[in-house]
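Each of the next two complexes has chain A plus one other chain: chain B in the first, chain C in the second.
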Partner chain A sequence: MARRTAIVGIGQTYHCARRDDVNGQELINEAVTRALEDAGLTMKDIDAIVIGNMDHFEAINYVDGWSVDGSGAFMRPIMKLTTGGTSGMTVATAGYYHVASGFFDVVLAIGWEMNSSSDTTAAITTCCQPLIERDFFAGAIGPLAAEYTAYIKRFGATEEDAALVSVRDHNNALNNPHAHLRTRITVEDVMKSPVLCYPIKLLDMCPRSDGACALIYACEGKAEKLAPRPAWVHTIAGSRDFVYMGEPFQHEELITLERASARAYKRAGITDPLKEIDVMELYLPASTTGVKWMESLWVCGRGEAPRLIREGVFNMDGQLPVNPSGGPLATNPIGATAMIRVGEAALQIMGKAGDRQVPNVRTALATAFGSCSWSDVTILRDTKP
Partner chain B sequence: MTRRVAIVGYAQSNHQYDMPLPREDMVFEVVKGALEDAGITKKEVDTVVSASTDFLDGRTISGVFYGMAAGAYLKDESKAEEDGTLALYYAFMRILTDIYDVALVEAHTQGSCINPHQVSFYMLDPLFDRQFNVLNDIATAALQARMYMSKYDVAEEDIAMVAVKNLANAASNPHAHRRMLDVTPEEVLNSKLYYEPIRELTMSPISDGACALVLASEERAREFTDSPVWILGAGSCQDSYLRDRNLHRLESLEKAAQRAYEMAGIKDPVSELEVLEVSEKFAHEEMMIYEALGLCREGKGRVLIEDGITSKYGELPVNPSGGALGADPVCATGLIRVIEAAKQINGEANGYQMPHACRALAHGQFGLCAQKNVVFVLGGE
Partner chain C sequence: MPEGKPETIFDVVDKAGMLVQKGRIKVPYTWAAGKVASKFLVGLRDERRIYGIRCPECKTVFVPPKKLCHKCMVEMSEWVELGDEGVLETFTIVHYGEPTVHPVQPPFAYGVVKLERADTGMVHLIGEADLASLEEGQRVRAVFNDIRRGHYLDIKYFKPV
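Moving on, here comes the complex of A and B:
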């Protein structure tokens, strides 16, 4: 049996476009120190560390090796993990498995990124197939634009539907002191912002940020002592696929997210996610995905998401608040982004989300998205699994 | 441990320079081989964990490209970077939780496409060490070798003997890259000098290669095979960064080994292990590894080589397969050691089979001067 495991500490740096005040090691340390403080621990209490980022985004390899003084990995087991944008949750998941397997009692998971050190879009472009795609599919925007164009065509969704998601997330971020972009915007602002790749406009797309996040996982027996209300991990499920970015892929659904969330719901005994989940922290790299992927999360039927969004179901005062923190549209230190989703979901369970707290959260869901190839889903609850 | 976990199948490529296969095909071949060896199809695999790094693969999010070749379609897949033994460690944890029963572990590197020594430059601290433009993995290993040599009075001839042993051992391993049955110490000492005292034959070659293995819970393992190789112990540890280390000792390996020995219930490794497969990326490191693993006292690694104790015919053979000096497809090297150790236990090491190998140790390392180390203790029925 998997050992019961909970999140007992969360630490985030402040995020912005360019953190000139710290180097990578110091940035990592900022998140680690805050997570330790949050759980009331010192580095001595940590049994193992997992860490991750996207190497090419900093033009640095082997962060676990040179950041020892920042991460605290001196004479400790450490593992580095990287997938795509999912990296943050890949690392968080590994942190969970380190504890759940029974090997370690208290584990520190770190996700970080200093996007300002390198050219993110140039780096992401190397992810494209070199002979066919690399010349015309630059960065992450193209595939997402293709995806939403197909969705518009099939279900009659509009650009304004995506703009509503953008407005929701950006305005939620005003309540989050850690968010990178904190400006009140309107649908009109989104519609008037410059087109990056039709139908995605500047305010529809996530920024790139410098920042880090750290989580502390603890086993049953210790977790209860470390946190008055630990966020118990009920399930983590992942799924992956392969996509040629240039191929007309997955226009109707994101199969990895469908599979991962279906698996997660089954394990957590959830049959009606709209009713049974209290808050969602979703990895939405573009506002358009905040429309389409609600269907992949089985929250509503195909083509129904635009209606729910127009009705405000996913707003802070709606039935199922999505991204109270503002999500990636407000803050996107890539290797940390997915971990922040898990951390924010945990904060909601623990009742420590401050101004962005949703009342009475008992079940929270976080997702991660990586290069159209990976989707991960984590479900946290205030009760033991 | 809540449940026992076994290795039930494995495969590796013929490691070589400039392999005439793209990376994805190389991965596909070994994954297919490992599944066939286990007698299963990819349907039975619950989760996949791979190891490689974006820098060594030469593209960002490199997992995108070989994931499908590793049979990960719609499965829960993850990528533990760096050495394959770390991926194995993670897959081991995944099975221990009961959530998954069968895992596939894969690791690969094509050194001929992206020179690992050039990439090692990007492992340096970006603000200081990288700016000097003088260090890389070979240069730092040279510093380590010199510190070790001067502290324990080790001569270049002693180091050459390690290379002679492993390169000659590699000759009987059809998968090895550098196979030199009749190599002499003189030849080693006269080989091309890179960073004094590191020479072409005292450092690992640049290899292309991949390997994969299938891991299963006890229940499933019994269904698949009559000869499962059990994971008895595992441990990993990392030392501090280059500047703050005792370079003449592998302290993180000492700690990783302690963990693995404790888990496996091993008190005296010399009498309780029959064969060892270690990742000596540089010949002098093998002697340091002996010491860290507790095979001899500190500074006495040289004696084991001189007396032939760790030779194929000695009391405690180390690297009968030729070790990392025989082939070094960087991220796969540690996992290949695990496979070689499992082969010894299963009696499948044709041409270099050690008699009565019931318990074996496999070691993987990563980083400058073996900063990070992973140890596995394996055992038969």
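Moving on, here comes the complex of A and C:
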């Protein structure tokens, strides 16, 4: 039986296109210091550390060792994990496992990225089979674009539906002091922005950011003392799929997210996610995914997402606010992006989300997306599991 | 690169007192195709034919072929000769250039082509097409390069029929 475990501290850097004033270790340390301050702890209280990023974005291997200056891991156990876009949630999950297993009481999880160090799209392309699709795949945009092309065809969704998601997330980011892009935009702005890969335009796509996030997990008995309102981990579920784009052959859905979220809901006793979840922090790499993936989260039936989006159901004042932080469309330090989802969900539970706080959050869901197409889901609550 | 010259070239840029150092790591790789993919690639090179492979358990016909079915975890050995025509299931039009990666200049289209008798799609470029009038569901046919090397791009692209 796993030990009950909660998030008691969250730290984020500010995010921007490039940080020239710090190196990677120093960037990591900003998030670590803030997470420790948030939980009222010092490094002496930390029993173990988990860290993650995408090695090939900075071309630094053995980040667990290299990062010691910033992570505080000197003479402490640390392990590094990398799973693509999901890295941040994999690291968060490992932080949870460390505590839930009973081996450690207080654990620090760190996700970080200095995307400015390299050509992100060229680096992402190394995830592809070198002999088959690497030549023209070239990053994450193309496959997401092709998925939405199929979705438009099948369900009559529009490019404007995706633009509504972009407007929602970008404008939510105005309330988030940590967000990278903080500019008010309109549907017209999105529609007029340059096409990257039809039907995805510049303002439909996430930026690449420099930044870091750190979370502190603590066991039952300590968590209640460290935080007045800890964010208890109720369940974590993940699904993986083969990365070859031709393979799944159901481009209108995200099967990994369907399976992972169904498993998470079952474990958390959720039968009607639209009603029972108070806020979602979703890893939406493109606005188009904020349309079609809502169905994979079981909040509506197939083809119904465009209607809910047009009605504003997922807006800040809607029934189920999605991405109060602005999500990845506003901020995307890739190795930290998924951890920020968990951190933002935790802030909502803890009532510390400031201007982006949704009232009375008791159940929050965070997702992660990586490669093509992997999904992770975390459910947090204000009550113990 | 002439002999004796370093492979890594450093350049330092001063941005208002914050120094950034530019570098490039060139790492040569040699990727093994393996027996199964080799047969597929030789088929493209020598016969201008596209071969798939069928899983003995779930009967899925994979193209490009691979040794192991990821669903059933069994080895596959039943080869299926596929036609060079199929249906364009979905596509995108790429408007940005990635010169270190892309084999062609933007704008260009690529998509998922479902060949007859195959159960998976084949990701490839779409050529000789009016990009503005591309549509899902339209039939496309493989166009082979005259000079073929046993490479996935021995198929130059798929063109609308």
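Here, the second predicted complex is superposed on the first by the 380 of 385 C-alpha atoms of A that agree within 3 Å, B and C clash if a C-alpha of one lies under 4 Å from a C-alpha of the other, contacts with A are read in each partner's own complex, and residues count from 1 in each chain.
Assume a residue touches a chain if its C-beta (ideal position, glycine included) is under 8 Å from a C-beta of that chain, and two chains touch if they have at least 3 such contacts.
All values derive from a computational prediction rather than experimental measurement.
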| item | value |
| --- | --- |
| Fit or clash between chain C and chain B when superposed on chain A | fit |
| Partner chain in contact with A:158 - chain B first, chain C second, else both or neither | neither |
| Residue contacts on chain A - larger count, chain B or chain C | B |
| Partner chain in contact with A:193 - chain B first, chain C second, else both or neither | neither |
| First (chain B), second (chain C), both or neither touched by A:242 | both |
| Touched partner set for A:21, first chain B, second chain C, both or neither | second |
| Partner chain in contact with A:94 - chain B first, chain C second, else both or neither | first |
| Contacts of A:119 with chain B and chain C, given as first, second, both or neither | second |
| Angle at the Cα centre of chain A, taken between the Cα centres of chain B and chain C once the superposition is applied, in steps of 10 degrees | 70 |
| Partner chain(s) touched by A:146 [first = chain B, second = chain C, both, neither] | second |
| Partner chain in contact with A:59 - chain B first, chain C second, else both or neither | both |
| Minimum C-alpha spacing, chains overlaid - chain B and chain C, in Å | 5 |
| Interface residues of chain A shared between complexes with chain B and chain C | 59, 130, 242 |
| Footprint of chain C on chain A - complex, ascending | 20-21, 59, 119, 121-122, 125, 130-139, 141-143, 145-147, 149-150, 153, 194-200, 242, 244-247, 249, 251 |
| Contact set on chain A toward chain B in their complex | 1-3, 23-24, 52, 54-62, 64-66, 68-69, 73-84, 90, 93-94, 97-98, 100-103, 117, 123-124, 126-127, 129-130, 237-242, 255-256, 259-260, 263, 370-371, 373-374 |
| Chain A contact footprint on chain B (complex, rising order) | 1-2, 53-55, 58-65, 67-68, 72-82, 86, 89-90, 92-94, 96-99, 119, 122-127, 235-241, 244, 251-252, 255-256, 259, 366-368, 371-372 |
| Residue ranges of chain C touching chain A (in the complex, touch as defined) | 15, 18, 20, 25, 29, 31, 33, 37, 41, 63-64, 70, 89-96, 98, 100-104, 108, 110-112, 114, 119-125, 136-137, 151-153 |
